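In what comes next, chain A is part of two complexes: it sits with chain B in the first one and with chain C in the second one.
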Partner chain A sequence: MATAVQIRQDKVREDLWRPLLQTRGRYVVALVLAGLAGAWGLAAWGYQIYEGLGVTGKRRPVMWAFYITSFVFWIGISHAGTLISAILRLTHSRWRKPVTRAAEAITVFALMIGGMFPIIHLGRPWVFYWLLPYPNNRLLWPNFRSPLLWDVTAIFTYLTGSVIYLYLPLIPDVAHLAEHTTGWRHALYRALSLHWTSSDREWHALERAMKLMAGIILAVAVSVHTVVAWDFAMSVAPMWHSTIFGPYFVTGAIFSGIAALLVVLAIVRKTMHLEAYLQPVHFDNLAKLLVLMSLLWFYFTTAEYLTTWYGNEPWEMAVLGARVRGGYAPLFWTMVVCNFVIPFVLLGIQRLRTIRTATISAAAVLVGMWLERFLIVVPTLAHPRLPAAWGTYAPTWVEISICGATFAAMALLYLVFSKLFPIIAVWEYEEHVSNGRI
Partner chain B sequence: MFLTGEFSQAEATGRAIEALKAKGFGPQALDMFSTEPVELPPGVLDRPSRMSLMAVAGAVVVCLLAVVFVYYTQRSYRLNTGGMPLFSLWATGVIFYEMAVLGAIGATFVMFLWESGMLRKDHAAPRWKGAEGELALEPGRILLRVRCEPEHFAAVGECLYAAGASRVEKVQNKS
Partner chain C sequence: MAHRWGMAIDLDRCMGCEACVAACHAENNLPVSDPAQAAKGRAVHWIRVDRYYEGEFPEIRVKYMPVLCQQCDEAPCEPVCPVYATYHNPEGLNVQVYNRCVGTRYCGNNCPYSVRFFNWFEPKWTAPLELQHNPDVAIRPGGVMEKCTFCVQRIERVKLDAKAENRPVADGEVQPACVQSCPAEAMVFGDLNDPESKVSRLASSGRATRLLEELGAKPKVFYLQRGK
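Moving on, here comes the complex of A and B:
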């Protein structure tokens, strides 16, 4: 990949504030398109609420399908930011500084979107508050033994932690922006800055809080996807009841998270003209991490499938057969190509590793990981232990619209965020430049 | 009343702090302002912190509250558990773990607000854009503010200039 570009310290603020204060036509077009796609998804959801879950493709025995697949996928994507940012912060990786905020924002938005899916999946979403622990009119408390409630707790904790982890390093930037803007922007930044004065007490407290939060967030991020895996593994269903599901899901989450981060960074770099900040070295390092996670994913997948095949349990073999050589085989082999072959070939060979191939591989991994989640959820439910109860599943336009719209929602949230806040932490980057690390 | 000195280098600021400490001005009387974090040698202007301790305390407290809450609810409406215990740490351990982490997160954030002093509005802090001729925060500048009585202004000012301050200014607390 190409060599690094030198940046003058006084230019950093100018470059990173420019996208906030100037609005281009392309930005408006992207905003409108994402808004329309999101509105279409909302309309489809409204239709589903009005007509009932019968408008989806969910039929006995497949009652978890597109929505739960998307839920697991988006929770996995959320591992892009906070977890990666925390690891890089704790290991003092110097190259992390232009990457972390973009990554942390992905986490918050992906969690918000992922957290919506169990509610969309509910036939009656207006009673979602029954999940909350308060004594309702039937005097019935939530069942704290249920892995589904573990999920609610884990995701709430992760979302709270991620919002704070995103917010803390934003404070110095918004305090600075408050002094250089007027009108509603000034009021917003002033409120968010909490009277930050840039004193050494504040810098010390911020540094300590970020270090502590990085450690805490690692613990919670790993637990979140482990708990999501246990939604499946705690049941005695074929190819779900597996001891490696926790680490397998965490690996897959980090894998898809890095892929999402690469795609977002490539788009941000191109559209905001941040070539001097998001340099080839950032993509190169993330691409290497992606290859590493691809190998780990392949190892876990092989371990899972090989032990199932060797065990030759009839119920497990029915699911495995459906995935590998049955009706789901095209999806399975597409998943293998997307998650292993493409990243391994394009990024494993140094000569082929460029920003473009890293982005292509990352996009392929996103497709592959969505398929992986689908292949975990649906074939097992379609092949219960009683062969007479076997069934099939095909999504309807409602499910496709809602799931597709969540990608638009992600784009919309990101577009709004990048218009309100610098996508690269200005103070961190200035420190980086003044210390001669660029 | 405050006296603020402007520096362009961390080393000079460190020297000024050492000199002021020798004259009896403790860390509580000193505040350093800069657009980016300034690293001083250990011991020069340390700010002791209880953030880690409070994070652990927050985790323990919230975890215990969760245990009590779950224990109570399991008995408040008894589910049919098929002979298994009504309250099981194994089955609810994940909830307690997540609540402990939530407690640690909350305590860390509260301690950040407390230790940074952001909950207490500092009216005398330098602004990014000061009035004409007023000391202001700018990239590459370090402002050292000393809380002192007017009778010490001369001695403190001398200290600041001797350490390498390019300018010293009196600031009135407007609160």
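Moving on, here comes the complex of A and C:
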């Protein structure tokens, strides 16, 4: 296994600051395209609010579909960053340096996007704030027994924590940038740097804060996706009411999170010419993690399906049959191939494990994990206990537009972020901290 | 003592005529779906008649089962609502507060009987159907859930009348629209807290079963049929 090649320090600053100060034509094109796609999604949402949710493909009994699938998917993606970066920080992994900030940014943006979906999904989105426990003159509180309220609480906590966790390691970098920039950039970086002077006391405080946040964020991240799983598991619907759902969802979230991180790193490496920083060793390590999570996902999925099949309860079997050999079977087997076969073969065999295969496998896992959530949400709802109420579902252009546009929104946020801040923490490469404990 | 409203439906009498469905539409201002929306499964019927087939053609028997909100005592739809739009009223009714509903549709997912309906659009009535709206029943806006109320407006009317005349509500005095319209008199409505009421006696008869009783939701609709 190759170890990370050392890079000269003055070169680090030059390499990582260059994308901030130079804008190429390709960047502008990407920005405009992402912006247009995002605007299309917003227009579709406006149309849906104006006309009513009937413009979607949802119908009784499939009351939840594309939006909830995308919600779970994006909250899963958000486990890329914070969780992986926190684990790597707490275990003092040396190879984490070029990975952490890119990962933490994914978390914040994925949460911002994922958090939108429950609102998009509402019948009356303009009163979404009724879900929040705010003081009001009607003395009405939300229902704390509802898993949806646990969800709101968990996601708000996670978003707050993730923003802090992204921000803390940014402070030394923006302080440096403030010294070397003028105009609005200087004002922005100076404000964000909180007048950081790089004193020993400040480094010590930052180190402690980051360690503390890493610990907290680990617990929060695990609980967030457990709560998302409980949205389903707390109900009495067939194949939702499962005790395994909490850990199953957390596993799936970390799995898809690593996949998202691999895809983003591959794109960043290529477009920002960071080959010297994002080396094969980083992709190799993340690819190994991906295989591990793939195996864990396969184990959980097998446990879930095998016990249901062996138990042979008619209501559960109706859902299982629809997934495995009924109308949803093509999606199911695509999911198995994407989530297990592709990463296991391409990345499990050492000879085949390269940056390219890691990226391909990660992209496949993203597709597979989206399908996994779809297969959890829709077939269960389409097969309620009384067969007379069974139904079907197919998405409309509105749902496809909105869900597709969120990927553009992710790209847009990432493009803007990479223009404002170094995508790799510069200070982590500096001499006086490189031997530190952070 | 507070009332505890319940219903008994005699499946051996039901012939599947769906008069109850039509009566419910008229009483409760249910929107009339256009054919395209109905084909999509978006028609709203607070009471529906499920069909079960026994045997093979030509030796086939059809059994009908009117299914409405079962007004469960342990209703799975209630705890999952994040804004208390669905709650249990003191008379055991499972009540939907349209003004409070934000449309998460979680209650709909968690109802094992699939009797909750969502307003996918603002409701519309083809002229002159809007002229026959029942003034005692709210028109529900788009984006909220709705379902059978056991004709709570009729319950309230009878209670007010009885109070004005300073007498208790008599058994059989409250008649939801479906009960009133059933030509086979298959449906009986009344107070389960009154052991002498007709519905109480039917509910404790050997013929009474409850739908998906094993889920423990404790529905207050009792289905009567011959033991097998």
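Quick note on the criterion: the second predicted complex is superposed on the first by the 419 of 438 C-alpha atoms of A that agree within 3 Å, B and C clash if a C-alpha of one lies under 4 Å from a C-alpha of the other, contacts with A are read in each partner's own complex, and residues count from 1 in each chain.
Methods note: contacts are C-beta pairs under 8 Å (C-beta built on N, C-alpha and C of every residue); 3 or more make two chains touch, one makes a residue touch a chain.
Computed from a predicted structure; not experimentally measured.
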{"item": "Partner chain in contact with A:124 - chain B first, chain C second, else both or neither", "value": "second"}
{"item": "Chain B versus chain C as contact partner of A:64, first or second or both or neither", "value": "second"}
{"item": "Touched partner set for A:205, first chain B, second chain C, both or neither", "value": "first"}
{"item": "Chain B versus chain C as contact partner of A:149, first or second or both or neither", "value": "both"}
{"item": "Which superposed partner A:290 touches (first chain B, second chain C, both, neither)", "value": "neither"}
{"item": "Chain B versus chain C as contact partner of A:44, first or second or both or neither", "value": "neither"}
{"item": "Partner chain(s) touched by A:221 [first = chain B, second = chain C, both, neither]", "value": "neither"}
{"item": "Touching both chain C and chain B, counted on chain A across the two superposed complexes", "value": "140, 142-143, 145, 147, 149"}
{"item": "Residue ranges of chain A touching chain C (in the complex, touch as defined)", "value": "51-54, 58-61, 63-64, 118, 121-124, 127-128, 130-131, 140, 142-143, 145-149, 152, 231, 234-237, 381, 384-386, 388-389, 391-392"}
{"item": "Residue ranges of chain B touching chain A (in the complex, touch as defined)", "value": "31-38, 45, 47, 49, 51-52, 55, 69-70, 73-74, 76-77, 79, 88, 91-92, 94-95, 97-99, 101-102, 104-106, 108-109, 111-113, 115-118, 121-122, 125-129, 137, 139-140"}
{"item": "Parts of chain C lying in touch with chain A, wherever the complex brings them together", "value": "37, 40-42, 48, 50-51, 67, 76, 79-84, 100-106, 108-110, 112-114, 117-122, 141-145, 211-212, 215"}
{"item": "Touch list for chain A against partner chain B, complex", "value": "9-10, 13, 133, 135, 139-145, 147, 149-150, 153-154, 156-157, 160-161, 164, 168, 175-176, 179-180, 194-209, 212-213, 216, 219-220, 223, 227, 230, 427, 430-431, 434"}
